[in-house]
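Below, chain A partners chain B and then partners chain C, in two separate complexes.
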Partner chain A sequence: MTTAERRSGGHVPGEEGLWVFIGGDLVVFAVFFITYAVAHRQEYALFEASRRLLDRQLGLLNTPLLLTSSLCMAQAVAAVRRDDRRARPLLLATIALGSGFVVVKAFEYAAKISHGFTLNTNSFSIYYYMFTAIHLVHVLIGLGVLCFAASRFDKAGRMPGGAALIEGSGAFWHLVDLLWIVLFALLYLL
Partner chain B sequence: MPSILANRAVLVWAVLVAATLLSFETTVLGTSGAVILVVAFAKVLLVGREFMGLRDAPAPMLWAFQSWVVAVCGVLLALFFA
Partner chain C sequence: MDTKSTTMKLCTFMGALAGTLMFVGIWPLARMFPPLDPALPVAQVADYYRAHQTGILVGGILITSASVLFFPFLAAVATFLKKIEGAISPLTWAFVMIVAYGFVTLFFAGLFFTVAAYRTDRPDAEIAMLSDIAFFLFVMPAVPAFVQNVVTGVAILQDKRARPILPRWLGYMNLWTGLLLLPGFAVGLFKTGPFAWNGVLAFWVPAVVFGIWFNLMIVAMLAAIKRDALAEA
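Let's look at the complex of A and B:
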């Protein structure tokens, strides 16, 4: 943060409009989480029995994948601000780890469906598939945004004037990570 | 990575991964779900403040985010465990 930004009250990472979207998304997911908690209360036995069918190991594996991708993203943002050429490999590592999340999720869905645990199995499965699929769409959009950002590096591996782009991409990617942290706790751990 | 920010980010990441593993293990041991939920929202707070950059954002943005974390965590605690 520059001295001018500190005087003016802080630095908004990326474009300000993006934060309207992020704020809206946080409100929507808050409604999702609360709706799930209400349903869990109403159908406690069914939800407890059904959630034990989830593969907690795969859920656990996906969490450090996203957390580590977030670390790489934060480092990439810092590197672009420093005009450091390590920004591009860090961004590519973020994309690779995020892609790993998608692969693990695909395995998880395939295993569940092959065991007959589908969208129509019961009310828990509807919540499970709906929330994780909406989150997965966020991951895929995030990966698209990161790939676009990765394409903006010049031949020397620098992104002159790209601070807003990389900060905005990073903010969205961290949102994806943050939402998964809550989904993992609600669906797999509680 | 040479900067202080990079080292701080690595420290935050280590705390987040450790909290994840701890939450997973405590679930196995049958520890209170309320603790797991609070740890999850503490992780959310860390990601928002440290990785998203909200720590250095204008105060209204930071407080809106922190209020979201506290409010959603509080409502979920009440619905799951009250």
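Let's look at the complex of A and C:
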């Protein structure tokens, strides 16, 4: 596909089926968030008290990690489209920042567990652990996809014909980022 | 209409019958819809079985009967998938193998409901244990269901014919159904909350989504049989 065709409008980045999957995932998380909102109303005091036990600093640290990684991802997609050699380092930076998110999450879980705040501590902890863990699985899958994409560069650091792959990986990575923004606001802040 | 499409139609309707039997068995008869609260004390679980013995036993017959009647329906689905894939059909094979154990759990769920209600003079703890096994068999096969739906969805979407054998929206719907069924995987971890076996995310959403999926599959398959899609190139 030529650049002109891409700009002519009507271009779907990546595969059509991927967007349906992303739509489905958003539906699932929408159902999750509604369930949480209802439970939050029902047990307001408990949720507020438990929320204060969460480590806002670590949550806050993870947000720019993912946001910056998404920025690098977007730059990497643009770089592949214009056949720019900076695409590979940008993609590796995305992977590094995403891995940083996983490491921070691991420290956060470990600290919570050592303080006795575990999966079945109360109804808030169930939401906290399950939602963040399901999101973490998305992060890990995303990292796997990005590593695969990173392995597709040729020796010159270009990815000829790799637009669909990099766009698809990018779309999924942005989904992971988007879900985290909502999760962070919902669990840590609101 | 030739014999083959009559057979396909019969198999598809067998699914509707199975779904109805399962629902009647689990809901008005066994009164296990919604499921017993997993946080219920052992003595109360046992008392529930003692109080509803006949309903649960008759419900057990319907649930076990339903489980086998799902298979002609699933065979009809597999026939469509095979038609889509052609001679080399790994997704059809995967589908056949996954449903072979994914739907058998329903038979065992009915069986364990029956055993739990069979001798009401059993100690409370034994009845409660059998009840737990029945509910896990009923709700926990979320992962096989997810993979089954993904395989079905991918096979339908792979169809490159100008007029696909099964409509593309059905493929997308299978993918979404699979995702929404998935939260049932963690029921073993919880006794309360949305991921417990009576929770919103592990039970209610999957139950409603399964009902919608099931009915739309039947509608789409009957439409495909009516236009004789299996006889097309």
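The rule is simple: the second predicted complex is superposed on the first by the 181 of 190 C-alpha atoms of A that agree within 3 Å, B and C clash if a C-alpha of one lies under 4 Å from a C-alpha of the other, contacts with A are read in each partner's own complex, and residues count from 1 in each chain.
One rule holds for everything that comes next: a residue touches a chain if its C-beta (ideal position, glycine included) is under 8 Å from a C-beta of that chain, and two chains touch if they have at least 3 such contacts.
Keep in mind that this is a model prediction, so the values were computed, not measured.
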{"item": "Between chain B and chain C, more extensive residue contact with chain A", "value": "B"}
{"item": "Chain B versus chain C as contact partner of A:Tyr127, first or second or both or neither", "value": "second"}
{"item": "Chain B versus chain C as contact partner of A:Phe184, first or second or both or neither", "value": "first"}
{"item": "A:Phe148 touches, of chain B and chain C: first, second, both or neither?", "value": "neither"}
{"item": "First, second, both or neither for A:Phe107, with chain B first and chain C second", "value": "neither"}
{"item": "Which of chain B and chain C A:Phe32 touches, first, second, both or neither", "value": "second"}
{"item": "Touching partner for A:Gly24 - first (chain B), second (chain C), both, neither", "value": "second"}
{"item": "Set of chain A residues, in rising order, touched by both chain B and chain C", "value": "23, 27"}
{"item": "Sites on chain A touched by chain B in the complex", "value": "1, 5, 8-13, 19, 23, 26-27, 30, 33-34, 37-38, 40-41, 56, 60, 63-64, 67-68, 70-71, 73-75, 77-79, 82, 86, 167, 170-171, 174-175, 177-178, 181-182, 184-186, 189-190"}
{"item": "Chain A-touching residues of chain C, taken from the complex the two chains share", "value": "157, 172, 175-176, 179-180, 182-183, 186, 189-195, 200-201, 205"}
{"item": "Chain C contact footprint on chain A (complex, rising order)", "value": "17, 20-21, 23-25, 27-28, 31-32, 35, 39, 119-120, 123, 126-127, 130"}
{"item": "In the complex with chain A, residue positions of chain B that touch it", "value": "1, 3, 5-6, 9-10, 12-13, 16-17, 20, 23-24, 27, 33, 36-37, 39-41, 43-44, 47-48, 50-54, 56-59, 61-62, 64-65, 68, 71-72, 75-76, 79-80"}
